[in-house]
Structure formats: C-alpha cells, structure tokens
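The block underneath contains the structure these notes are about, expressed in structure tokens.
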Amino acid sequence: MDLATVIGIVLSFGLVVSAILTGSSLVIFISVPSFLIVIGGTIGACLVNYPTNYMLGVIGVMKNTFFHSIQAPGEVIAQFLDFSNRARREGILSLEPVIKEIDDDYLRKGLQLTVDGLEPQTIQEILETEISYLEQRHDAGAELLGVMGALAPAMGMIGTVIGLVQMLQTMSDPSTIGPAMAVALLTTLYGAVLSNLVFNPMAGKLKVRHKQEQLIREMILEGILSISKGENPRIIEEKLNSYISPKDRRQGD
Amino acid sequence: MDLATVIGIVLSFGLVVSAILTGSSLVIFISVPSFLIVIGGTIGACLVNYPTNYMLGVIGVMKNTFFHSIQAPGEVIAQFLDFSNRARREGILSLEPVIKEIDDDYLRKGLQLTVDGLEPQTIQEILETEISYLEQRHDAGAELLGVMGALAPAMGMIGTVIGLVQMLQTMSDPSTIGPAMAVALLTTLYGAVLSNLVFNPMAGKLKVRHKQEQLIREMILEGILSISKGENPRIIEEKLNSYISPKDRRQGD
Amino acid sequence: MDLATVIGIVLSFGLVVSAILTGSSLVIFISVPSFLIVIGGTIGACLVNYPTNYMLGVIGVMKNTFFHSIQAPGEVIAQFLDFSNRARREGILSLEPVIKEIDDDYLRKGLQLTVDGLEPQTIQEILETEISYLEQRHDAGAELLGVMGALAPAMGMIGTVIGLVQMLQTMSDPSTIGPAMAVALLTTLYGAVLSNLVFNPMAGKLKVRHKQEQLIREMILEGILSISKGENPRIIEEKLNSYISPKDRRQGD
Amino acid sequence: MDLATVIGIVLSFGLVVSAILTGSSLVIFISVPSFLIVIGGTIGACLVNYPTNYMLGVIGVMKNTFFHSIQAPGEVIAQFLDFSNRARREGILSLEPVIKEIDDDYLRKGLQLTVDGLEPQTIQEILETEISYLEQRHDAGAELLGVMGALAPAMGMIGTVIGLVQMLQTMSDPSTIGPAMAVALLTTLYGAVLSNLVFNPMAGKLKVRHKQEQLIREMILEGILSISKGENPRIIEEKLNSYISPKDRRQGD
Amino acid sequence: MDLATVIGIVLSFGLVVSAILTGSSLVIFISVPSFLIVIGGTIGACLVNYPTNYMLGVIGVMKNTFFHSIQAPGEVIAQFLDFSNRARREGILSLEPVIKEIDDDYLRKGLQLTVDGLEPQTIQEILETEISYLEQRHDAGAELLGVMGALAPAMGMIGTVIGLVQMLQTMSDPSTIGPAMAVALLTTLYGAVLSNLVFNPMAGKLKVRHKQEQLIREMILEGILSISKGENPRIIEEKLNSYISPKDRRQGD
C-alpha cells in the first residue's frame, strides 16, 4: 500500500479526532454496539449481494491491486524496442529464450503466441478478450467497495432511526433526551466516516490503479501486434509513445 | 440459494434486532399496519409498473437465477477441447450423438447448428441474438428488485408523513407526541431495512450471477465458432483461457 | 389499460387511505389548494419543458402504448414461416395479396419493399431508421412521465416551505403551530404519492411495453431480411427463435 | 418563445402566488437580499464554470433555439422529392440556381458539395462532422441551464444555513426565532422555485427543440446522400418517411 | 486564469459575505478548526483516493489547462490551408522546415509522420491513440475536482454531526444550545460553499476547456490526414469548417 494511503487515512482520521477533542472527551464518541450495527450490517448485506467464492476472489484482486507495483510505461517502451530490434536482426524465434524470463502472464502469453507464428488477427482477438475480462474482474473490486460505501451510511441511518424510536417511546424524563439522541446519532457519524474516509476513497484508488494497469496492457497489446506484423522499431516507438504524456516520452536517439 | 445469502440475512437482521434489544423490548418496533403500508404500497406500485405476465416471467427468471447452479468455466474449456479433438479425428458429424445428452439449451442449439453445417457467420448471428435477448430477460429481474429497493423507502417516507400530520393535528396532549412520532418513524425504518438489507443486495446478487452466466455463454459462443471453423484445439484452448483468470486456467499438457 | 394497473393503483391507494383511517378521519388529509399547487405546478413546468404540439403527440403515444395490445412473439414466428414457405413455393410476388390484409404499418411497409424487389441492404437501412426514430418517439412518453415524477415532489416541497414560512411568521399562538404544520406537510405527501404511486410506475410500464414492442419490430426486421435474401424457412425459424425464451419457442415439426 | 412557455410560467407562478395569498400577504415572501444571494451566487459560480466568450456563445445558441422556428419534417420530404425529380430530369447541375435561394446553412452547404460533384462518402464525412459538432454546441445550452438548475437550490441552502447560524447565535429573545427562521427559509424557497419552475424546464425545452432540429438535419443528410448517389425518388421518399411517424407521412401519389 | 473566474469568485463570495453582514458580524462565521476539518478531511480522503505521483501529475495538468491559452479554431484552418497549398505546390517535403518552428507537440508529431511518408492509416492510428490517452489524462483533473466537490459537503456533515453529539451530551444549560448548534452548522456551510462555489465550478471549467482543446486536436488530425492523402485545399477547408459554427467560418476567397 503506497504511503499516500497511510498519510491520507492518518490525516483525515486525525482531523476528525482532534475536532472531537476540541469540544469534549473522545469517550462519548465510542460505542461498540453502534459500530457493530454499521460495520456488521454492511458486511451482512454484502454477503447477500455477492456469492461467497466471488467475494473471496474480489478480495484477492483488491489485495493484489493495492500491493502489486505497476510497471512504468517508459520501461514497457524500452522493452519492446529491445524485442523488436532483436526480432529484426535475429528473427522472431530469437525471442523464445526471453519469454521464459518474463514474469508478467499477459506479456509472456502474447509473446509466446507471436513466436508460435499465429496470425496477428488471432493474437489480437485472444489478447483483447483477455484485457476485457481482466477488466471485468478488476472492476468488481471497486464495485464491491462502492457498494460498501453506499451501505454504510444507510446502516448508520437505520441505527439512528432505531435510537430515535426508543428515545421517543420513553420521553418521560426530559433530561435523558439529549444523551439518548447523541447516542442515536453515533451510527450516522460512523456510517458517514466509513463511507467517505475509507470505502469510497479506496474504491477510487482501485479504479485509478486499474486504469494505470490497463494502460500498460494496451501498450503491450500494441507492441506485440507490431512485432508480429514485423513493423519498423521507429514506428513501434511512435505508436507506444502515443499512450503517454509528451514529457514522459523516451527521446529517440 | 447459496449459503452466503442466508448467512448475510441472518447476520444483518440479527444485528438490527440486537441493536433494538440493547435499548428496549422488540415489541415497540412491531407494527403490522406500518409493515403493510410499506410492503403493500411497494407491491402495488410494481403492479402498475409491470404487466402481469411480464412480472410472473421475471419472478421465474429470478428463481432460476438464485437456485440454478452455474457451470464452472474450467469445465466448459475441458468440454470444448473434447469436442474439438473428436471433431478433428472423426469429423464434425461425430458430435451428433453427443448433442442429445447436453442439458444446456444454448450449447445444444449451437452444436446442432454446427453439425447441420451452417456458415460460421450465420451461427454467430443466431447465437449472439440469443445472448443479447437472454441478457434483456435476465436484467429485468435485477431491475424489478431495484425498483422495489427504490419504492420501499419512498413508501416508508409516505407513512411517516401521514403519521406526522395526524400527530400535529391532535397535539393537545404533549405526552402523546413522543410515542406518536415513534410509531410514525417505524415505516421509515421498515422501508430502509427492506431496501438496504433485502431488495438492493438481492438485485446485486442477480446481477453478479447474471454476469457469471453470461461469461459461460460467451465462452460457449467462442468455442462453437472455433469448432465450426475447424480451428486447432490448442488455439481453442488459448482463446477460451483468455476469458478466465490465469490461476483458474487449465494447464496445457 | 391492463388489469394489473387498476389492481396496483387500487391496492396502493387503498393501503394509503386505510393507513390514514386507522389514525384519524380522512378529512384532515384533504386540501384542494394543496393538491392544486402540486398538480398545477407540475403541469405548468411541463408546459415550459415541452412544446405544445410535442406534448399532444406524446400523450397520443402514451394512450396507444397503454391500450394497444402487443402481438405475441410466437405469432410473429408463425406468420413469417408462412410467408417464407409461400415465397419459396410460389415466388416472392405471391406475397402481394397478403400485404393488403396486414394491419401493422411496419410489417406492411417492410413486405412491400421486399415484394418491390429492393436490395436487402436498402430495406435494412430504411427499416432500421424507422425502428430508431420510433424508439425516440416512444421514449418521449416515459421521459415526460419521468419529468412529472421528479417535479411533483419538488412542488410538494415548495408548498411545504411556503406553509412553514407562514407558520413561523405568525407563531404568536402556540396552539395553531401543530395544525398549520400539518397542513404545510400535505403538499409533501401529495407530491410523494403522485410521484411514487402514479407517475414513476406509469413511466416504468411505458418503458416495459415499449421494450416488448421493439422486440416484435426487431423480429419483423430479421424476418423480412431473411425473406428478401431468400433464406431457408428452417434458418428463419432458428433466427426468430433466438429472440425469445426457450420455453416460448415454437417446436419445429 | 412559444405560447406554451408563457402559459406554463404564468400557470405555475400564479399557483405559487395564490398558494401564498390564501395564507398570508405576499409581502412576507419578498426579500431582495435573499433573492440576490440565490441568483447572484448562481451567476457567479457559472462565471467560474464557463469561459466568458463560451458563455456568450451559449446564450446566443439558446436565444436562437427558443425563437427560431423549426421546419416541419413533411416540408423537408416535399423539398427533397422536388430536388431529386429535377436532378433526374435535368441533371444535377440544374440544382445550382436553387441553392442560392436556400436560407438554411446546412442544406445549402450539402447541396453545393453535391453539385460540385464530390464523392458521396466525402460529403457524408463533412456533413456528419457538422451535425456532430453542431450537437455539441447546442447541448452546451441545455447543460448551462442544467448547471444553473443545480446551483440555485445549493445557493438557497447556503443562504438558509447562514440565516440559521445568525438566529442560533442570538436566540436570547424567543419571539424573534420564528420570523428569523422564516426569513432564512426564503432563500431555500427561491432556489427551489428558480430551479424547478424556470431553469430545469427551460433546459428540458432546449433539449427537445434540439432533438427536433437534429431530426431535420439527419433527414437532410439522408436526402443529400440519396441525390448524390442518384437514387430513385420513390426510394428517397421511403427513406425520409422512415424518420417520421406514419400519420405524418406524405401519401405517395 | 481568465478574468471570468476571478469575477465569478469575487461576485459569489462577495454576495455570501454581504448576506452575512446584513444580519450579523462576520466574526461568528469564522472558525479555523471547522475550516480545517472540512478542507483537511477532503485532502486526506483525496490522498487515499489517488496515488501521490498521479495526484501531482493531475495538478500539473490542471495548472496547464487553466493558464494555457487555446488556439482559435479559425487559426488552425488558416494554418492548414497554408500547409496544404505549400505541399501541393512544392511537394510534401517542403513542410520539413516549417515543422521545427511549431510549438504544439501534437501538430509537430503529426506533420513529422506525414513528411516521413507513413501510410495515412498508420498516422491516423497513432494520432487517435494520442488523442484518446490525452483525453484520459485531462479528464483526471476534472474528476479530482469533482471528487473534492463531493467530499467537502460530506466532511461538513461529519463536522456538524460531531458538534450535535457534543451539544446533546451537555445540554444542561439551555442558553448554550443555540451558539453550540450555530458552531456545529459552520462545517456544513463551509462544505457547501467550497463544493458549490469553488470545486464544482472549477471542475466544470476544466471540462469546458478540455472540450475546446479536443476540438482543436480533432481538427489537426483531420487536416493532417487530408494533407497526407494529398487532398484538395478546398476540400480541406470544407472539412475543417464543419467543426465550427457557421458564423466563425473563414470565407473562401
């Protein structure tokens, strides 16, 4: 998990806690049952929403996306220039030994299909299907966190309504009204904090990382097709440079 | 219905009930008329929204989707490798006896068209039309539950406003205000619970299952087209593997 | 208007009225001026939103959609098998006398173009343009009801704020506060009931019926193109069957 | 501006005013500072949102769209039948003198390109680009009004919160609470009225008129392409009739 | 930053401040801790939402978009007429010296590829990839501001709930209730002002400028393809004129 996530969570939660401490002690904002109804209700509704094995798969994807570092686009370009020069000098089969050393499943599969001599169009179909379903699997992670971000405030509201009904039914002693309503509002607060400071921003980061990863995949697809069509390294470089911002581009020598 | 649905509903409803029990008895949260206005109003508005036979059809689709188990993608790949090997060794007509044993309507129809020797493009058109309208029929189920998830809180709000108007009109005895408002809030609570813990998560699960089912259909379409074009089993395997996550893939032998 | 609409409206309004009657008399919920501001304001804003002739056209479309019964998909298939058998046996011109007996404008136009011997591609262009603009005209009905469903609660809220301002300005006699607020809330109630029990569900039904109608048009388009290309009746049947659910399919004889 | 707009505004504002007059004098609902904060804040935020020259352009487009009358689709068909008959009888160059008398920029440009003998595909590219960017420019008008429709209630809410804070800070004299809150609510009322009775319905009408205009442009494009391909007048009529509802169609003679 | 942005912010903030000053002193609306929780919480959640380097890149894009002036469409047309006339008279290679003087990366790259004699289709692929990823990078800026516009009111609401809980817990002295609630409402006010008068309108302006920039890029793409296909200057002019409004068009001489 990158540093920004940690700093962001410390900053926003720190501000919420210090906003509390300027007005009262922290104790009156802690209620384990209120927390349980918000977080437990959110998880319960997610279990209804997602099949178990699907949810476990999604959690795996999320873990990968948060911790797995993404290749820089510049490296991808350098790598493909190397591949294409080698393929032009020594023939496409000279890439065979390189394939074994590649970690990335997608790149390895694409190169293998090229070395095996499949038609560029068949390679394109296979690799595009792969990108499109990878996308579906990865979107599922952001979607799950988005559902949690919508459920948490709803559970907070349900908890507050329950507290209000109880307070209104037993309003005989006016001095208890204030504290009872204060407790009822805690679930609303928990729901809003979890949704806006945890679930939604994490869904957002998954989406951003997913987009970065997809950019790399699109570049790999373009590069592999160019190699399998035997295109000129200069054109490959121009094509791959189009994916990235001018200031990140590799200067042609 | 998978276990997760049951666990999820028990967990979330259990938490709501225990949140109630920590503050009061459950009795003050039970009101049959309040429940009737929320659930009955939701059903009434759905009857206006959907033609009767359409609604019955949608309920059938929903039942199927919840209880019908979906084939694993790995099995589909194994099955198609088997079909394609047989077709290459013994000719496409050797698939004829296999077709009769197939349960799945879609796969059976696709293979039959292939064995009948239709053009790959005609087969593709027919099977894609089928996927696209199947999709429309299945989306209808999630849509109906989504409409119910939007109507329930609206009916809850209508019930609460009715209660508030009655309370405000007869405010002579202040001691009755609290309990009257408490009762008025119950419809809001029912609407929020039904929407967030039942209707919306179920709509979500229908969507997820529908996506899984569609993945299988897309794989079957790809496989049938490959067989009807007489493609190499190795390419069929590569093509079908593209639909699933690398760790679920069948190792080529 | 189908029976479900009537039952749905009776059920939901009946529940709202009985919810009222369990707590008070119906009289305190009736206020003609409150009703006028909600319904009149909604209509007024619609007049600004839509050109007059457009609005009249949309109302005509809505009336048609509610009352016009839609052909069953199975009948369409039977009809096209009949047409295609006749065209193969006796030539395409033998359909000429049939055309005159057809009620449906779309089917009649399509067959006429086929008998006139236009190219399949020209027929496809003409009939697809027709479907696409028919769609636009029909969507307008659901859109108008959707706009009314959004305006009604807004007008209700405007009425309530007006009532609140008046009550707050003349708060000298506390005993009048309750009834004044009760009256102010009536517009909110009217807006919510009109929107959730009338306008939105009707917009929903228009959309559903529109989708059913469009399915029929797509099937007719497919059938006409197949006839104009002189395709085999068996393939026409397979193609048209793809549009409908397996259990509704005509068994081939 | 068509009559419906005027009637709609008079009707809805009349109802709001008469709703006020049944309960109090109109004076307590008039507050120039409240009005200024809502309308001024809305305009101020729009100035941040849109570059100045862009905003002036958009206002021009809006004025045109409201006042410029749109050609009837039937007239377009009659016109193109005339053009196509003339082109077939006297050659495409015979349209040259007609072009000068045409007011509409789009139609004139399209005919000129046809008479100049450009390839149908080049004409199509040019005219489609024109439609697509015209669309972008016209959508901007509805978008601007939509932004104003979203900002007005937000400014109303900001004004009300300011009033509430001031009232709460100086709550020593209870008799001033009511009137102070009444004044605070006025900005909410102004924001809701401006948004729901003025900005949003006008955005809606712009969208409707824009759609009507676009229908005409699509018909002109179809007609010009048919003429440049030298198609039969009967086919041109069938093609153009597809854009409009059967009951508006010109009867073939 | 254009003048309208400055005028818009001065106007809307000025109106908010003067609305405050008509009712009380400005002092009761200033609370540094309230401001910190809204702005700090918004930034903290953004840090969770976006990877650090991504956020810095986005801020760079935003700065460019606000300050970088966009070429007028009319100039682009004049420039391309000049290029195309020169290319026809003196051959495509005569554009080589012109390329070095061009500031715009996109135009320079496109012309260089043309002079290098690449196939029009390869040029189109490369330049379209560039437009599409430039779009993604620029949309990110408006998206970030949109996320901030959604987070600010949420943080405001969280701050208000915290203040309400504290006030309700210590309600012994009724005279403190008003001022305590007034302070609690300040975060709501800050959140609403930041969102509606700063973040959302700025996101809107980024989108507008981005659209204008993209129009220029589309025109450059069209122009370069026309030159690389050796099209007639008159057709290039017609094609490029299609992108802009008739009244901005260059009169042909």
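Letters A, B, C, D and E name the chains as they come in the text, with residue numbers starting at 1 for each one.
In the analysis below, a contact is a pair of C-beta atoms (placed from the backbone, for glycine too) under 8 Å apart; a residue touches a chain by one contact, two chains touch by 3 or more.
Bear in mind that the values here come from a model prediction, so they are computed numbers and not experimental data.
Participant: Kindly list the shared contact partners of chain A and chain D, in label order.
Facilitator: E
Participant: What shortest step count links chain B and chain D in the network of chain contacts?
Facilitator: 2
Participant: Cα superposition of chain A onto chain C: how big is the rotation, rounded to the nearest 5°?
Facilitator: 145
Participant: Taking each chain's centre as its mean C-alpha position, how far apart are chain A and chain E in Å?
Facilitator: The mean C-alpha positions of chain A and chain E differ by 24 Å.
Participant: Could you please state the distance in Å, as a whole number, between where the Cα atoms of chain B are centred and where those of chain E are centred?
Facilitator: 40
Participant: Going through chain E residue by residue, note those that touch at least 2 other chains and give them in order.
Facilitator: Residues of chain E never touch two or more of the other chains.
Participant: Quick one: which bits of chain E touch chain A in the complex? Just the residue numbers, please.
Facilitator: Within the complex, chain E contacts chain A at residues 33-34, 36-37, 40-41, 43-52, 54-55, 57, 105, 109, 113, 118, 122, 125-127, 129-130, 133-134, 136-137, 147, 151, 154-155, 157-159, 161-171.
Participant: For the complex, which residues does chain A have touching chain E?
Facilitator: 2-5, 7-13, 15-16, 18-20, 22-24, 28-29, 177-179, 181-182, 185-186, 188-189, 192-193, 195-198, 200-202, 204-205, 208-209, 211-212, 215, 222, 235, 238-239, 242-246
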